[in-house]
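Once you scroll down, you'll see the structures, which are given as structure tokens.
After this come two complexes, each holding chain A, first together with chain B and then together with chain C.
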Partner chain A sequence: MALTTSPPADLAPAREAATDAAGLGRVRASAFVVPALVLIAIFLVYPALWTLYLGLTNYRLTGIAAARPQFVGLDNYVRALRDPEFLNSLWLTLLYVIGSAVIGQSILGFVLAATLRTVPRVVRGVVEAFVMLAWILPSSVVAFLWIALLDRDSGTVNALLGTPGMAWLLEYPMLSIIVFNTWRGTAFSMLLFSAALNAVPPSQLETARMVGASGWQQLRDVVFPHIRGHVLTNLLLISLWTFNDFAPYLITAGGPDNRSEILPVFVYESAIFDGQLGFGTAISLLMLLINLVLAVVYLRLLRERRS
Partner chain B sequence: MADIELRRLVKEYPGGVRAVDGLDLTIADGEFFALLGPSGCGKTTLLRSIAGLETVTGGHILIGGRDVTGLAPGARDIAMVFQDYALFPHMTVRDNIAYPLRIRKMGRPERHAKAEETAEGLSLGGLLDRRPGQLSGGQQQRAALARAVACHPKVFLFDEPLSNLDARLRLEARTFLKRLQRDLGVTTVFVTHDQAEALAMSDRMAVMDAGRIRQIGTPTEVFQRPASTFVASFIGSTPMNLLDAVADRDTLRVAGTTLPLPAAAGPHVRDGEKLVFAARPEYMTLHREAEPTGIEGVVAIVENMGVGSLVSLEVPGGADGARIVQVTVPEGQEPEIGSRGWAVAAPERVLLYRHDDGELVGSERAGAGEPVLAGAGD
Partner chain C sequence: MSPRELVGRVGFYVLIAVITAFMALPVLWLLLAPFDRTPTLTTSLPEWTWQNFAGLLDNPYALASLGNSVLLALGSMVVVTVLGALAAYALSRVRIPGRDGLLYALLLLSSIVTGTAAMVPIFLLMFELNLIDSQLGVVLVLSGGLLPAAIFILKDFMDATPRSYEESARVFGAGPLQILRDIVLPVVRPGIATIAVWTVVNVWGNFLTPFILLRSPDKSPAAVVLYTFYTEGGQADLGLISAFSLLYSIPVVAMYVFVNRRYGFRFHGGIKR
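== the complex of A and B ==
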């Protein structure tokens, strides 16, 4: 065994080229990698750089600025940060992320995961199947379902709640899209938390029970410290997904009166409807920055726990 | 302090497994009680039922005269030490030990002082600021003990607390645990499947099989007079010799030899009744010359046991082929393999069991004397 493995590199290599494990040599090895690099350059690096550039111009979808965009420096960014519509949209996005991801999906997902451990297998299977179904259905289908559910005249929700004529999407647009996204995305948190809860040693929970710890105390002192990493990972993923989620557009289209215009919708409206590609691109970059900050904060928290 | 009384306790798991099957047991105040039995006999289930971690399906549990059958685990005033110690990995040893006190709303300085005092008593003094992951197995075990001790329970329950320790540490922990229990005087139930542990530590012990108790007694009683062939084959570091025998007037025919029938057994056996002759290897001696009361055989195996050796004699048998009789011999007297030997049992140590139900000759027959308990089970 030890005899057939290749000798360490510092023990006088037989051929000069054979410093790599496969023995291809630098030139041939590069030939294998180049196609992938080209594809990455075309489809990832170029658009990214292009976006960076567009954000600094007054590029428009139509008109003179479409043919001959002018370099405007940081104007787009300054404008965005002074634009009450942008700030409103940022605020709505925050509400959307906190409401549907942090509170809705993860808390509901945890409660479901914890409760389903104690119910009979059949019940658990059925509930899990429904939650998963909501997750795997395409957004467009789910959006259509919710429009039908919340319909003013013949909607199921109005029939169930006994509130005929209630226009949910007009009266409570933010609440509607928050509930919609919670409903659609809870499965992920539920699955992640069920796996996490399986990793909590039963004897530790039982020790807590033996000394008389209440359900809440068991959660705080035993369960939560064990699943803290899972909670953070889950929060990171679902807040990023929710932050960039465009599906609410399919339900409220940002309206009425921009009252549910979260950032992805705002970008779409500015760039495509108003044709201000440069401005829209600048906002996309701002979103990217916010995503990065979110990710860094969560990763910091995760690392803190490990050390 | 409190005694424990179990009345016709039944625990049937969903699916019909009766892990505890109509069990009656009283454990005295301050007693160190060991539960011993083969794997799957229901020891853990019984312990968890006393703790309240399993809901029993029948019977009653009384602790200090109080019926706790329906109470939550936290309301029973019991501390339990698990096989994996169940220390909270994210808390320091100090916080682990103080945790029960924290749940009881004792103030931080007070409970930390208490934890330190307890830890000192269990020689954990310098380790209070470490996390369980930074302790050795033996230290973890003592930290778990300290947590149990710190809340001054009425009853300790231990589920194989020593089985994760290596052999040497286990001996140390055994002595340690025994002394701790004696000092505190807390009623203790100790589950183990290591019979040496049960014999060494307990004031009284119970041997369980299939959810029932087969024998209760002091370690000496159980070791010297196992109540049935099941207990006899289970107890002892070397298994007891169990040989088929037949009563023949006032003699006993066993493995080609005729021995006098023990006087005490006389009135209880019928002529020609099939019996089981039982003698521990430690209570037998090996002779090189023919002995009238010796069982003759050929030395097949000699196992070194440190102080002495365990010799296995192959005894040419009747219908069921050859049988093995084991005898311990003192150091320096090991026989040659293949040589002839006669195993003689000390007459006062010989036990006789009935062949049909495996109980001790002269004991009550189940179903004859007292009614069989929880007969509903079968």
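== the complex of A and C ==
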């Protein structure tokens, strides 16, 4: 009762006390936060900032440049832009992200979300179980499953398609890893779209059907406007993850002849394997920047939707 | 049902059958080959045997690597849940200037600075810190990457717990640490469990970080050892690979099923790996 009659000015301190219900106080609160922040600062923030400097040096793991790395300015970047292997890798990465995430995962995920709504419970359970398995199994396991599946001599795919002796991983390395990643990551799109489709009011679909809209028209004019936000969220997240996906290395190791050498594999090969750390860092910085763009757009979108 | 509807219905189920076959085909090998007396790469019904699992005992690295995976996963789980819960609690209860901005910045950072994009500076940092070939190093790097999202999610859980419990405990003379241990922790246990499982699953499956940071095979986790089983020269031992893959996969699947049953599938936006 006293609270309702007191002037607003007295309310502020009372509310502040209420927030700190356990009587933590600022000093103890900081002691709680600092260990986590220190760990994050050393192993997350520092490496990111360090790339800005390292990319400008000729740092190597062994030899003279290891003892005294020299400042080489933008040389690494100039070299990267002229390096056909890097440009090839950039192009393959674009193919990989668009092929497996933007097209593969989101379309398959949407089809699954839309069709599984109308099938019997058992069927739905079985299909979803396999989709989830593909998503949660460790990457070294699924990589071998695909090596076995696509094997030239005794792979199950060749047995089923009647194409004995077809070496998929050597003939079509990019197609193979694109199909692989579509399989691997569809679960996320499926889950997101099933949640989204639940938000489409059935009455609107009913109306559209009554006025004779075709399936495609219903999808475009009724369903899509409701799930537009989800589509964008989904595209950004799966692009980000696919862009940072190292699993193809476990299947093709970037080969044959760098034909499936997407950026993560390229960075690994040039920096860790060949020891050109400065050059590798320059490429890493580029990856970080692309990640930054995708993540900023995503967070913006989230905030807009919340407000 | 008109003929046209019938065709549509049949087509619909054919579509579902094809997609299911596509999703299931790669996994069938994992379910069948470990129990086959003479496993090949082709998926086929097995001549039943357990000998492939017995064979794991003879390999010097197989079981030890699972032990290493447990060590890395539990180590990261302890670091992430303890530090994450402390930080989330403080951030939830005490008004620290710029808190929301800080949280957003951290979350943004953790989705940008992935193990893949930052592999070179992380490798160099560990090299300079003399933490190459150290399991502690792997735990620290992985924990640093998982902490921001963990804090973010845990803070949500903390925000949702009523403050009146803490206030009454305080009235009865409980200190802040006591309150945290006896009142807050039991209430946010589902949140802590979610984060613990999420951390274990992430670390358990992680390949790149231990692959880059560890040198000795006897320190490597199952993810890396399994990879060496099928890439090292000579005839691949399919009995060993299949049985080991299955054994290594079971914990993740079990944990997923557990979390899903217990708490339902939670959709935490951009947070999977």
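Assume the second predicted complex is superposed on the first by the 260 of 307 C-alpha atoms of A that agree within 3 Å, B and C clash if a C-alpha of one lies under 4 Å from a C-alpha of the other, contacts with A are read in each partner's own complex, and residues count from 1 in each chain.
Keep this in mind: a residue touches a chain if its C-beta (ideal position, glycine included) is under 8 Å from a C-beta of that chain, and two chains touch if they have at least 3 such contacts.
Keep in mind that what you see is a predicted model, and the values were worked out from it rather than measured.
Engineer: Looking at A:Ile107 after the superposition, I want to know if it touches chain B, chain C, both of them or none. Which is it: first, second, both, neither?
Structural biologist: A:Ile107 contacts neither chain B nor chain C.
Engineer: Once chain A of both complexes is superposed, is A:Leu161 in touch with chain B (first), chain C (second), both, or neither?
Structural biologist: Touch status of A:Leu161: no partner.
Engineer: Quick check on the superposed pair: does A:Leu87 touch chain B, chain C, both, or neither? Answer first, second, both or neither.
Structural biologist: The answer is neither, since A:Leu87 touches no partner chain.
Engineer: A:Val78 contacts which: chain B (first), chain C (second), both, neither?
Structural biologist: neither
Engineer: Touching A:Val297, do we find chain B (first), chain C (second), both, or neither?
Structural biologist: Neither: A:Val297 stays clear of chain B and chain C.
Engineer: Does chain C touch more residues of chain A than chain B does, or is it the other way round?
Structural biologist: C
Engineer: Quick one: is A:Gly212 in contact with chain B, with chain C, with both, or with neither? Answer first, second, both or neither.
Structural biologist: first
Engineer: Counting contacts the way the document defines them, which residues of chain A are shared by the two interfaces, the one with chain B and the one with chain C?
Structural biologist: Looking at chain A, the two contact sets are disjoint.
Engineer: State the interface residues of chain A toward chain C in the complex, per the touch definition above.
Structural biologist: 16, 18-26, 28-30, 32-33, 35-37, 39-40, 42-48, 50-51, 54, 59, 61, 108, 111-112, 115-116, 119, 123, 126-127, 130-134, 136-149, 151, 153-157, 159, 183, 186, 188, 191-192, 195, 233, 237, 240-241, 244-247, 250, 264, 267-268, 271-272, 277, 280-281, 284, 287-288, 291-292, 295-296, 298-299, 302
Engineer: If we count contacts the way the header does, which residues on chain B are in touch with chain A in the complex?
Structural biologist: Listed in rising order, the residues are 51-53, 72-75, 78-80, 82-84, 86-90, 99-100, 103-104, 147, 151.
Engineer: Would you pull the chain C residues touching chain A in the complex into a rising list?
Structural biologist: For this pair, the touching residues of chain C are 12, 15-16, 19-20, 22-30, 40-43, 79, 83-84, 86-87, 89-91, 93-96, 104, 106-125, 127, 140-141, 143-145, 147-148, 151, 163-164, 166-167, 169-170, 176, 179-180, 184, 201, 204-205, 207-208, 212, 222-224, 226-227, 230, 241, 245, 248-249, 252-253, 256, 265, 267, 269-270, 272-273.
Engineer: Quick check: in the complex, which residue numbers of chain A touch chain B?
Structural biologist: Within the complex, chain A touches chain B at residues 201, 203-204, 206-213, 217, 221-222, 225-226.
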